[in-house]
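You will see two complexes here that share chain A, one where it goes with chain B and one where it goes with chain C.
Moving on to the complex of A and B:
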């Protein structure tokens, strides 16, 4: 709670300016500029292979940008490692979950709390709070690799929250769920983020899911920005209609 | 109530494992000279494999170089416990800056501790390597460590006696001392596993990148467990020297490495219980095979040399194929107990949800 109070004094911005990454000639991300502000949910959408995960890899430090810069407020994170960014509060999840399979759900969350720098006692308290908040209490002592797909997703989010994020970068947290479930999940993620005054970058490929749940949308295609703005505006943009609905006609 | 259950649960495993080693010690005390020898060396192996498991079990990275730490422990004990006048005769060509080795002397318990520390120092020196490397690269690097230490010991004749045996080490290792060290090592290994560092290292074992993404300093925790495990393996080397009273550099090379690998793989390298059980079972098996090879079960006609090793290799192969994670997998030894009342409910929800989710996966793809 003290964290929230401290952070809310000064709204933060995580910003990528003109970021790019090339894989032997393939420009997976090509001059993308975007920013996430604390407290908001920015939806990053685009068709398969449009560079969403790569953008998230650049922001989280899993990949080093071949061009561009990344800032958290006034601090240059461009050269920081993924670990350093986690310590600064930039925390990601993975498209495939990647929970610690043979550890229990509780251990997954505790390990992440310790990794982000909590001492043992506080790490355990934080773990118990998060397990409660995400309704994972019943499976706390279950091995993560024997969970249902839904609970694996929730465990991955719980693990990210344990790192006390100021910015959460979520790679398709609702993949594999139907539209109603996806909207429900993202709405609850919104709630967790709000309570922590945390900014969220949410990767999702389904337009209808992000419409009602994100504050702003950033649309990618072939590694480039198509448009950014309010969901209602973005949805009417002819280029977005072309990408999302054009090929069906 | 849950707290109480988890505390007794937490201490159950080390207590059971120490009880198993105690059983081996009692068999040794009650048996003839050969049985006592087999039991003592089995317990020394427990110390070594427990040490190895501190690193490999939590990091998931196999080491083929830990016998080097055992060697350092054994040589340190030799230098510190061989009587000074015998040392003067054994090491006539010591370089000047090492001449103090002749006069150095310590009680066995001090020598034991210093042996562990000496091995840990080698652990500190080599820790940057394991902190940086993973998988195959790490395995090869640990093997290189073994080769380097072996070659130094084998070639630096003035200091190490080269390929001649170290002799005249007083016999200080009793079966009870070995048991005490084994119990301490098991307790330390368990404490490490449950520690902050141990938990984070196990997380990195499950998924290296997800651990990095959780802020876990994987390299630092690998290095820490490597150094602790070097210390314990140094103790094993000291006990070994103090039991056999003489040894040769070849005791700390590929044959020993192979035997320890069989132990930890058969038991299950991810589990401390697997390491301890593997060490005891394979030690017993080795003795049976030795007797078989000597002809004790074939009416006195000895089998060709190497049959015992061949069978041991076959056991390793069979384990790798049939149960790659060994007898224990990632499980630890616990007493059988009735399941909690809430358990069936958990199972029910877990069983229902995937079925309910299956069609939705098809609905939205991944």
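Moving on to the complex of A and C:
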């Protein structure tokens, strides 16, 4: 009945406990506790300035937490650099993509696979597999700086996948796309994350995009947790309704 | 006559392109405007002088060893500790390295200019399709051309090249993706050392002499060629260097004898004209790094 492969491997957890950071006295993130489990997609939502990207920066090591701790299973990552976290499998993308513009799409992905320690042959196999999965085959030999904004973001995701993430932190991967495209992209991300048993933290501000694609939602406002739970429950939460739609008169 | 001219013009173009990508490579990867490049060439040239009685190929190999060692030492001792410094600091540090090596050479092994007798085989002239061509011109063309192709292949096709270009574009991003800075940066310096050594072997054969300040001119050619072509792309830099060399050869054969002394004045006037129209260089993209 039970899948022995599933049983033998305990799911991993990336966890931030009571994490916070302040800039010049302003608390951008204030005592947030959240965890991402392998194989699931956790949506991190909230209005602009609510601390979503800062939370992602704390988890990825772009920023160091001024309070709280970050663990990957039993490993304390609180003081680890971004690079050390990538080596542990915590990989992020940037809103702007930050792809290597003068490299082709294929080279962008290959560079990350090589960086993750693959030798040339396996790196190229992984590259082709990922390009195929994200429908980037047609632009594989196109320079990244001549792509559309949407393709640039997809390339950035492909590159992050080549780094063999156990946890993938995505900063608004679907920004600038319409709702259908956004849902399509996130659904495909969800698919490969499941297959690779990879956990995904998805920063997104559009409620309708995350509803059908995330397993759980974590809502932030002014740097604090408002509520966490299943999408259907969260949507009905009066505090969330107030944040998103304003107070009902 | 035409073929003769073409071979010497293309040869000089290839040599200048070689000098130029040596400058552009470090600028691209590290944001390092390396004025000590001339002294890496000096190290190679000194080896050519030191091993002048050995077979030419042995001297060339030793030039590569000397130049690579100096390139790596300058990285270790001067540029490594400044890895996160801004480009201006790096540039000034490279001035210091340049002057230090040059002074050291002048105080110790090269207090004055030393002659290096030209190799017999280089002085020969051969008949090629009816044209009378010097072996030195042919060798310049073959050697520099081979090096350019080799560097293009390394940068374009190999795992190291992909990582080098990724690091050149966004060092922090590449490094956070696990691209090893400690592999990529020294290998860029090794490449520069090899390029400089081949350049120095050709320069020594053409000039027949070695002196402590001989690196200045090729370094300037490299910088000017790189600026002309566009600092942010290796292809552009190589093109800039090539055009500079070919234009030099062209001016030399076209200018009346009493104007040849002013060759560089014509050359650099043309360069200024090009930069007025395209300040970012011929092949550079939108991203321009001024400092």
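One rule holds for everything that comes next: the second predicted complex is superposed on the first by the 238 of 249 C-alpha atoms of A that agree within 3 Å, B and C clash if a C-alpha of one lies under 4 Å from a C-alpha of the other, contacts with A are read in each partner's own complex, and residues count from 1 in each chain.
As a working rule, contacts are C-beta pairs under 8 Å (C-beta built on N, C-alpha and C of every residue); 3 or more make two chains touch, one makes a residue touch a chain.
What you see is a predicted model, and the numbers here were worked out from it, not measured in a lab.
In the superposition on chain A, contact of A:115 is made with both chain B and chain C. By the touch criterion defined above, A:139 lies against chain B but remains apart from chain C after alignment on the C-alpha atoms of chain A.
In the superposed model, A:240 makes contact with neither chain B nor chain C. After overlaying the two complexes on the shared chain, residue contacts for A:148 are found with chain B alone; chain C is out of touch. Of the two partner chains, chain B is the only one that A:175 touches; chain C does not reach it. Look at A:103: by the touch rule set out above, it reaches both chain B and chain C.
Of the two partner chains, neither chain B nor chain C is touched by A:198. Chain A uses residues 82-83, 86-87, 91, 98, 100-103, 107-108, 110-112, 114-117, 120, 123, 159, 163 to touch chain B in one structure and chain C in the other.
For chain C in complex with chain A, the touching residues are 159, 162-163, 165-166, 169-170, 173-180, 233, 285. Residues of chain A touching chain C in their complex: 82-83, 86-87, 91, 98, 100-103, 107-108, 110-112, 114-117, 120, 123, 145, 159, 163. On the side of chain A, the complex with chain B involves touching residues 60, 62, 81-83, 86-87, 91-94, 98-103, 107-108, 110-112, 114-117, 119-120, 123, 138-139, 142, 146-151, 159, 162-163, 172, 175-179, 181-182, 206.
Residues of chain B that touch chain A in their complex: 196, 199-200, 202-203, 206-207, 209-217, 270, 330, 342, 345-346, 349-350, 353-354, 357, 360-361, 363-366.
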